[in-house]
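See structure below.
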Amino acid sequence: MTVVVSTPPTPGAEPDDYQRYRPKSKTDQWICWWSILIFYNLFGLIFVVLTRVMPPPSPHLSTGQIVHFFQVHSLTIKIGFGLLMVVIGFSSWANGLVVFHMKRMSVGSVWAYSYIAALAVGALPGCLFAALCFLTAVFRPDRNPHIMALLYDMGLLMFVGSLGCFATMYLVFALAILLDKNKIFPKWLAYVTIWQIVTEVMAAPVFIFKRGPFSWNGSISFWQGTVIFVIWEVCVVFVLYKAIREQPPRETDAGLLMRSASRIRARRGHEVTADS
Amino acid sequence: MTATERTMSPPHDRDTMSPTDEEANSGIRLPGEGSMWVFVLGDMIIFGAYFVIFMIERTSESAVFLQSQQHLNQTIGLINTLVMLTSSWFVARAVRACRAGDYQGATRLTVCGFLCGVVFILIKIYEWSVEIGHGYTLASNDFFMFYFMLTGVHLLHVVLGLIILGIVFRELRRPTLRRASMVESGATYWHMVDMLWIVIFALVYLLR
Amino acid sequence: MKALINARLTLVWLVLCAVTIVSWWLGGTAEHHGHFVFSTPVTIGVLAIGLFKCRLIMQNFMEVRTAPRWLRLFTDIWLVAFWGAVLAIYLY
């Protein structure tokens, strides 16, 4: 009864044709989700093992000690941050996935854009700046020690101290979840996100102190902040998994196309029938 | 709830249940929403870590901490504690009033608790201005670093608490809302903020 | 019934205020010629009062008294662990 068409359906065509072309999978979302796992493990390998930025070396090192640090870790810094330059783009996949689900919320759209904007700005000081400074420092080993110390300070201050963008991102994320009536993400994730805002605030004094718990390698500003960040990230990974799984298939982009086709059909009062 | 409302909203929506005092006293129940308890209990652990780190840092500099402590105004600390306790008392009574159906009373009590919170903030700002006026700032020494950071992050929680009490106020005013779980959740958060101040008062002001 | 519950809340509030004043007074005793001095008894008193106040608030204001067992257990463990750690670090 139904004409089999080989070209993509046009608006107003029989709804049955849409059935054939509606993708049922969430492959794009799953690819993004897996990229989060891969990227953050790479992130850990790069920042912890290779480049020694997590935990950061101390703010109260002398210039000579700083030069020595760069000499000792020169090769692994080049490998680690060189690799980061290649893979940093994957953070955008993770953010795209989160934002996709934020747009499903009843109040998500505006804050979804803020989320992306805040992270787009935050990525430079929060991630890349340390990489660029350290790569520059080890690029010429005979560089003036004072310039090396400057690059050291700039990179690490930016890494730990770039809290404004991330605090904003956490705030819009928490607000969106709390006000969302579609219950895309669970409310407790909003509260875990608020802890992140608290840790960002507790990292603000790194610009003042070279020692103690509020310095850039301090027990509060760095260690406690990092522990809570890891908890938050793990929670987000699980929540995203659940959100992708539970998204109704009719909600995929083609599903929306189907719904609009149904509306067109209803408006035309079932005039369009299948070929006989 | 009508039949259509029931099908539209998810099952077991505790938001619309309004437990009575009898239920609360005879039965075992968790007041408010579970997600708020995640927040409160987690915050207690996070702040617990901050305070433990404070105590550890104090150990190596106990004389400095003791001397610096003297520059705090103990009386202002006492007044702030009493103000916070009173605000908690108002908010606890507001929850009971809401459960009993006395929404006018609950609203009034919430406003009283809110105003106490404002008074707390004003006193705190005054106290800070006095300390800064005497030359003691975040960078003066480790004691004042902790003093300003701990009272500062607590103040942030008080401000958040005022926003939450504002949401509770809105909840109580609208006859279509008045969900007991929302009021209870807001109250639970406020009591936690009160408790954190109790710890700060003991460790930062009084501990010798 | 309502009056009884409110009476209990008010009593808790009065007790909290009273012990607060006691702890404030206690802190004031640890001084010598106008200077603060170290005092283990005062500190133990202050910490004990702190634990007592926290427990009162949790049990009565936060209604942990009538909460499920896991919450009662968690809060009591937190109280002991936290104030115990503080005391232990102080004494060390």
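Going by the order they are written in, the chains are A, B and C; count residues from 1 in each one.
Going forward, contacts are C-beta pairs under 8 Å (C-beta built on N, C-alpha and C of every residue); 3 or more make two chains touch, one makes a residue touch a chain.
On a predicted model such as this, the values are computed, not experimentally measured, just so you know.
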So how do the chains connect up here, line, ring, star, complete, or something else (other)? line
Would you identify the chain whose Cα-based centre sits farthest away from the centre of subunit A? C
Can you tell me which chain pair comes out on top for contact count? B-C
Centre to centre, by mean C-alpha position, how many angstrom separate subunit A and subunit B? 32
Between subunit B and subunit C, what is the separation of their C-alpha centroids in Å? 16
Averaging C-alpha coordinates per chain, one finds the centres of subunit A and subunit C separated by a number of Å equal to 42
Give the residues of subunit C touching no fewer than two other chains, as numbers and ranges. none
What residues on subunit B touch subunit C, complex-wise? 21-22, 24-25, 27-31, 37, 41, 44-45, 48, 51-52, 55-56, 58-59, 62, 66-67, 69-70, 74, 77-78, 81-82, 85-86, 88-89, 91-93, 96, 100, 184, 187-188, 191-192, 194-195, 198-199, 201-203, 205-208
Complex contact set, residues of subunit A against subunit B: 183, 186-188, 190-192, 194-195, 198, 201-202, 205, 208-209, 212-214, 219-220, 224, 228
Inside the complex, what are the residues of subunit C that reach subunit B? 1-2, 5-6, 9-10, 12-13, 16-17, 20-21, 23-24, 26-28, 30, 35-39, 42-43, 46-47, 49-50, 53-54, 57-58, 60-63, 66-69, 71, 74, 78, 81-82, 85-86, 89-90, 92
Give every residue of subunit B touching subunit A within the complex, in rising order. 10, 33-36, 38-39, 42-43, 46, 49-50, 53, 57, 138-139, 142, 145, 149, 152-153, 156, 160
